[in-house]
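The next part holds the structures, each set out as structure tokens.
Common to both upcoming complexes is chain A, partnered first by chain B, then by chain C.
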Partner chain A sequence: MTDFKAISLSGRKKDVSDKSMTFMEKLYLPAIAKGMGITLRHFFKPKATIQYPEQKREFSPVFRGRHILMRDENGAERCTACGLCALSCPAEAITMTSAERKPGEEHLYREEKYAATYEINMLRCIFCGLCEEACPKEAIFLTQDMAPADYRREGFIYGKEKLLMKPEEVKKQADA
Partner chain B sequence: MPKVTIDGVTVEVEPGTTILNAARKIGGDLVPPAMCYYSKLNGSGGKCRVCLVEITKASEANPNPIPKLQASCCTPVADGMEVKNMTSPKVQDMRKGVVEFLLINHPLDCPICDQAGECDLQNLGYNYGVATTRYGEERRTFERIDIGDKIQLHMNRCILCYRCTYVADQLTDHRCHGVINRGDAAEISTYIQNAITNEMSGNMIDVCPVGALTDKTFRFKSRVWFLKPYDAHRECDKCCGKAVVWMFGKEIYRVTVRKDEYHEVESDENGKPMWICNTCRYEKKDPADWVIEGVRKHEKWSVINQGKYMKGTEKVVIDADPRLFFGRPEDRKRISMNGTVTPEQTLSDGK
Partner chain C sequence: MDTIFILEKSLIILTVFAITMLIALYSTFGERVFAAYFQDRLGPNRAGPLGLLQPLADGVKMFTKEDFIPDTPNKFLFIFGPFLFMTTALITSSVIPWGDKLEIMGRTVYLQAADINVAVLFVLGIVSIGVYGIMVGGWASNNKYSLLGAVRASSQMISYEIAMGLSIISVLMVSETLSLRGIVEKQHGFIDWSGKFPWFSWYVFKQPLAFLIFLVCAFAETNRTPFDLPECESELVGGYHTEYSSMKLGFYLFAEYINMFISSAIISLLFFGGFNYPGMDWVKQQLGTNAATLIGVGAMFAKTLFGIFFYMWVRWTVPRFRYDQLMNLGWKVLIPLAILNIVITGAVIILSGN
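And now, the complex of A and B:
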């Protein structure tokens, strides 16, 4: 008759016993020394952590992070508020209102119509990148940055002031 | 009564009916598209050429095929006529070419255009056109002219279907706009800087198959797919008062006529087209002016349905602190486009 208690399905079964410890084991000193040795060895191993805000890990090139609203090579906003990003957004995170460009604003807005307000609710956004795919004007892109944390919900609703490309980045973009 | 067979489907129609109307009597996919023909406007049709069909048998008396494709909107049926539309590769090929020709001078500014989403040319391009353009020349452009404070004319987008001139002829007491110049220079214009002010002139916006004539009071306000259309009516002494109001939240953004499956104005029970007057169209933007009848349904494929939840959902009341669902009121002050829903409203909804 098979002794069912002896079968180990995982192959890792260990027989435990309640035999009393020897004198050396009761001292605990060899075990402490062994543990310390392991700790000491880790001092010289490469570290798995980085000092985050100062150091940043490189993301994969397909990483999708915080959005940016692009300007063209002359610094004019590319977005025409066509609403296709909001239409494609599965999380319904994007809202916008549009306005008509006035004469003399040609250097600010590329097309006749522009987004007067443009808001992305970062709490809703799932960073799927469909807005980027839908955009017919190459105006919205997902960058390699992460959306930073905030203390208030309100702070996660990004308006144009947070999304729009900074004017100083326009030249950087042209040089690249 | 002549019998005509279109794509294998036979229908009996009144003598003198055009092939297009016979096809519409059958309905379904075999109806040729039309950009210029408008059944409610006398004399329209025969200009855009997208409704051309192949006639494989001219009639019972003359069973020969007609060698060239015929415009179905102005060719009357004959007894025993056999017509091929969707089943004819010749017609499909031709239509691709016609769409390409219509788009030669069209600016393709759909992201800006207010008509995008309900544009016949856009639908035609999706259904029959090709994704790329072969046209390398400079597109024809016009100086922008002002035709009044209610209608915006974008001559660059016009495909010269002449529908708006028929509206002016048949609905208003006198026409002050029309097509001037010839050939490539032909353009819709008022003769020397005139404004279109007639009371029924707003219907030009609804008959325009492209975004050449758009509502100035709705210009760049929103996109059609963000708005929710409702059938509504009001007492009006100038028109029937039956219209569609396009709402965003509790605001009316624009008012249009009711359009049927061919994007033509619907007729009332007496067969009279339900045109609306400018007062209803432009001045009655307060929801209190209208009696809402119900949600306006659109074709299943239409982008206007996007994001609309037509089936009512049951209100689930969870007995808990509303802040659990809606956050603190002070944190919500920037959500929503124009403050149509205030945090207080949202919070009281949750209670």
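And now, the complex of A and C:
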């Protein structure tokens, strides 16, 4: 039969006892000196703090953060406003309106149909990534960034101006 | 001659005041940074380079807060409390010798505001007046937490004053003088060759028990952890300064740091040789009196600043005592030990025959 009292997973288990203290223990000073040694060791230890705006904690490669609407290698928007992302969204955070591409806009939009408006409510979004999985055109991805704080609720409804990939990022994407 | 004397003393007093304020100001910052370091954090480092402007930001914050006075019949005492606490904290610095003597243009300048021959008594007296600042503030607040904090503070400080005074007596028996400068000069250099066998001249080596008792009492007198029961947040909200806000609270908190600075200065004077340092005679021969004195001032401040660091170090190590433990330690342990120490010291002095 196992003696359960002897099990100590941390290896530091001590049985509680109420025996009276010995003279050395009553002096307190050895124990205090030991404790001060421990705190002094911590004083010189490397610090756990990450200085946020300058340093950032590294995220896991599968981290799901703020969304991005992709452009193709020519800088044209990939989204065709099919609505599959909105349909798949369990939080119903995505809304969009579609429009038809006019002649001469081929450098702006990849397909004949595009999203005239595309909004994600970041307060509703649960960052599950189902929109990313549903998209047949590889137009929406979740990035490694976090959605920054805002003072007003309206500030969290992200339109195309906040979601679309920046032109300078298109080149980076082509290089990568 | 007299005008020069007054000028010289005024200059010393102003300098000591400025340095005390500066050190107290940066102790508040130091406490936060050291607290952080002991807890594996970094502490405030955003205001200015390395966060060095943080005390100024704290001061601006204190000044711009609402200066609230509670509905109390003792409005005058309420305002008088922090003033009294601050004043008593600052007065003690007047008798502390910060260095030996400087020779400037044929004059000998002692780096001390007043070298009185009862300096130790003076310090003990002023320290006991310090209780009134807390007591008056806590009483005038018209709040039960404030009053409880003030009662705790006064009983604690009065209890530990006895052990403190008794522990100093054994030091005085060895030094045979009450003047702080005299006590420091008795601890000349680092090793005392005058006796039958050489021994360290600092009193921490001659009177280790007195040092321990004095150290514990100093923690209790300055209301620092592990004896910070007067402002014990978990039981008494904020203790005696619960009702205080704005710069009046600032004065209380600030005076605590001044007390810390002064008491570490006294500890370094009584037990660590003040402005003495190893090899001071050799330096004096090589570089002259003034250079030796300036290094001595540096040694004095280094010891004092280490004392402040020690206060913070203990604060983040030792948990707060329970009230009955505090009283047991003060009355049943420290006072008998101090008396025993006096007896032992007296016996050694008689037996060694001088």
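Please note the rule applied: the second predicted complex is superposed on the first by the 136 of 176 C-alpha atoms of A that agree within 3 Å, B and C clash if a C-alpha of one lies under 4 Å from a C-alpha of the other, contacts with A are read in each partner's own complex, and residues count from 1 in each chain.
In this section, a contact is a pair of C-beta atoms (placed from the backbone, for glycine too) under 8 Å apart; a residue touches a chain by one contact, two chains touch by 3 or more.
What you are looking at is a predicted structure, and each value in this text was computed from that prediction instead of being measured.
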| item | value |
| --- | --- |
| Touched partner set for A:96, first chain B, second chain C, both or neither | first |
| First (chain B), second (chain C), both or neither touched by A:42 | second |
| Partner chain in contact with A:111 - chain B first, chain C second, else both or neither | first |
| Chain B versus chain C, judged by how many residues of chain A each one touches | B |
| Complex contacts: residues of chain A adjacent to chain C | 29, 32, 35-36, 38-40, 42-43, 45, 47-49, 51 |
| Contacting residues of chain B [partner chain A, same complex] | 109-112, 116, 219-223, 225-226, 303, 306-307, 327-328, 330-338 |
| In the complex with chain A, residue positions of chain C that touch it | 34, 37-42, 45, 212, 313-314, 316-318 |
| In the complex, chain A residues that touch chain B | 80-84, 86-87, 92, 95-100, 111-113, 117, 119, 121, 136-137, 152-154, 157, 159 |
